[in-house]
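Just below is one structure, and these are the notes that go with it.
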Amino acid sequence: MNALLSVRDLKVHFPVGKGGSIHAVDGVSFDIPRGKTLGIVGESGSGKTTTALAVMRLAPITAGKVDLDGTPVSSIEGEELRKARPRFQMVFQDPFSSLNPRDRVASIIRQPMDLLNLGNPADRDLRVEELLQQVGLRPELKSLYPHQFSGGQRQRIGLARALATQPDLIVFDEPVSALDVAVQAQVLNLIRRLQRETGLTYLFISHDLGVVRHICDEIAVMYLGQVVEEAPAAEIFASPRHPYTQALIAAAPSLAPEHRRRGGGAKLQGDPPSPINLPKGCRFASRCPIAIDHCRHVPPELRPITETQMAACHLA
Amino acid sequence: MVAITTVSTPTPTPAPAARGPMAEAWGIFRRSPAAMLGLVILILVTLMTVAGPFLYPVDAFEIVWAPLTPPGQEANIPLGTDNLGRDTLAGLIAGGRATLAVGFAAAAITMVIGVVIGSYAGFYGGGVDNLLMRFTEFFQVLPPLLFAMVVVTLFQPTLVNVALAIGVVSWPQTARLTRSEFRRIRTLEYVSAMRAIGASNSHVIWRVILPNALPPLIVSATLTIGMAILFEAGLSFLGLSDPNVMSWGLMIGSGRQYLLDAWWVVTLPGLMIFLTVLGVSLVGDGLNDAFNPRMRER
Amino acid sequence: MVEPVLDIRNLKVDFATRNGVAHVLDDISFTVEPGELLGIVGESGCGKSMTALSILGLIPSPPGKIVGGSINFQGRDLTKLSQAEMRKIRGGDIAMIFQEPMTSLNPVFTCGEQIAEAVRLHQGVSPKAARARAVEMLRAVGIPEPEMRADAYPHQLSGGMRQRVMIAMALSCEPKLLIADEPTTALDVTVQAQIFGLLDDLRRRTGTAIILITHDMGAIAEMADKVAVMYAGRVIERGPADAVLDDPGHPYTRGLLASIPRIDADPDADLPEIPGIVPALTDLGRGCAFEPRCKLAVDRCRLAQPPHFPMSSDHSAACIHLEGRVIPA
């Protein structure tokens, strides 16, 4: 199958202090076929958001390749990059800071078309109304300012802005984590409906396993800048192979009757190590319940475990 | 054509009125009596200096009557004369124009230098920030009054030079404020969103971040006007301002020896300075509250 | 029957706003027994945090004001106490932990100093004894090498560690009641599981009652003995956690539970939504606040606030559709 987005050995390192660097993203590879959704899950510091920003060319890429349907996104610059931008757009996490408070909604949604010079200027206002309707907002709300909307409505506006350029790929960075659960369901359903109707391809970043289960076809689990497991959504939840994935699933609060009053799920010990002084072996070894001596010395490669499932664990 | 519809279609509720951040701030400002008082004072002072010459066409430098005539003694010289027999009211009107002009011009210079340097330092960070901030610190450690005195002594003590001198010594604060606002705002997601749709750096700096950084800058600009007026008065008092242009500071400076014999010569321009700076400060405080998001909820 | 630690009856709190009076809390009643964990769940703005602030006497006043009801804590009505008396209770018999452990700790003092300070304030012991108590508390909340960590500044610790320090500080004076307001919202799930485990263990060992305020039904399932579901300033359903989660009586509770994306649900079906948004507290009608979003709404819902109808001896919900429901014996 031909991938729309192909990421190969992506690295994002941020320099800190004297000669040190944070390996925020450290050799990440994945493909997303057209019309499908890849979810990246992980905890804070896993590099999932930095991966999204690097794909968007909003974070500096240290090494590696990002290819969008034949366009080498990672190596183009300036005008060429600007010309490619309509094809990949982003929906941000925070509904309160992702919209410029001084712009009216109409201008927020128009901006991508104006800046990237898409379509006939005379048609853009009409297009703004279409987009508002597409995300379930009344067109007459276009002259309001962002602070006059609720969190869920603002995420819809952010989605309309991303759709304005008719992109192939939309990158979502925790688009519902700031929303209340009832509103979250509305926005998640909208995101899915848009994919069904338009065949968009999604890269979906989240820390919430329930959300990625609901949205994604394929899931990659990140830990300290690396993908530790990748598999189709159903498989990763049915038979997680990496001990970290297992711990993550076990720790997720759930309504299942057998979880009642258990006082939190399986307890992973300690905190992740510092991303500056990374251990030389497996990065998860210090918290891993089954780590052996070998794990502390030799970093495991991400390797196929089954036909569709990959994990980076010596013991998987 | 008038059609009578019998079929009732559900009328959608009308969209609420759009209220921009500025309209909202004005709504709060308007409700503050102190801020409105400040605004009224400023408007009256400005009116006096603009319309004054037409209503009271007397040359401020012309000797009109006996020196040190008290106010009220002569019907056509309502506020009396100074030690040279010049009309005090005419002096207040003409002096106000110069004083306000210097105040606004100095504040404008302060804002332009401060905002440009602060924006670039805050937006680019790193080496650019380092360089610009060291440059800023160099100006920050200059003793302001001394430096201004040197400038007006070296180059002619014209009003333009006085405004420039005040601007040059007061921009570092504005630069620091602008820088910190830029550092805060540049990390917000709407800035990333603009970059994701291909906005250039200059578009992001001037069209996206600057408008959002304005509220504290407007407050600071207002207070700078007050400070500049006092500064100008100080320089005039020391005899370092333009001797050919009447200003409130000049009036105080030249009348100070007669304070005990003729209170009005010094007190009236002093009162004007006090009122104007008070007005500016009240407006600045009101703007500060109006732009403070915590005040919105009340 | 055990005497409850906290017994809130018909608590009403009003806020004066620009758009009129908001009934931020309207007729709130619940009890908490020793060692019990009560979960208060609801969406933002439903009044769950305001409930916590009322118990602690920390309602910003003005614009807020307790206009009715009582908060009985160990035989005293907290709404009648003076500020000085409340100060003694806060951090002593009633402690609180917050969502963001970074901003709730003072960055210029070490963690040990801050815990010791709390101990000295309420127990008046010597600095040395207070320091020893601080180390002991850090050990009790599972912080490795507590003697060393006591000298660490908040920024030197991870988010999970900071929340443990907050818990240590809260527990240092052996409170009868601990209020935890979204204590794990800023933390990762694996760390959240650790903190939940710690809280659960502590209440079982010390008998401290806990009120857990959360927006997360999953957290309720994992932690709570009983639940109060809040909507628009009212408790619309309360009962044992199992009963509320398995047999929710109020359409809002049902909607809330259904709209959670679950790992074990069919991923191809759309999530059931609750349409619309939470109403502003200043323009609530006479009727049920949930009526505009409710699929089951009938004309009668608009007439008056529905009272609580019992569903079992300890489970009730404020929905008129429950009227006349036969209560299982």
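The letters A, B and C name the chains in turn, as written, and every chain counts its residues from 1.
In this section, contacts are C-beta pairs under 8 Å (C-beta built on N, C-alpha and C of every residue); 3 or more make two chains touch, one makes a residue touch a chain.
Model, not experiment: these values are computed from the prediction.
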### Task
Name the chain whose C-alpha centroid is most distant from the C-alpha centroid of chain C.
B
### Busiest interface, counted in C-beta pairs
A-C
### Query
Just how far, in Å, is the C-alpha centre of chain C from the one of chain B?
49
### Mean-CA-position distance for chain C and chain A (Å)
32
## Note on the structure
Per the touch rule above, chain A residues touching chain B in the complex are 53, 56, 58, 81-82, 85, 89-90, 92-94, 97-102, 104, 111-112, 115-116, 138, 140-141, 143-145, 147-148, 158, 161, 165
### Summary
In the complex, chain A touches chain C at residues 43-44, 150, 152-153, 180-186, 188-189, 192-193, 207-211, 213-215, 233-234, 237, 247-257, 259-268, 271
### Query
For chain B, which residues are in contact with chain A within the complex?
12, 14-16, 18-21, 188-190, 192-199, 203, 208, 211-212
### Query
If you look only at chain C, which of its residues touch chain A in the complex?
43-44, 158-161, 188-197, 199-201, 215-219, 221-225, 241-242, 245-246, 255-257, 259-265, 267, 270-275, 277-278
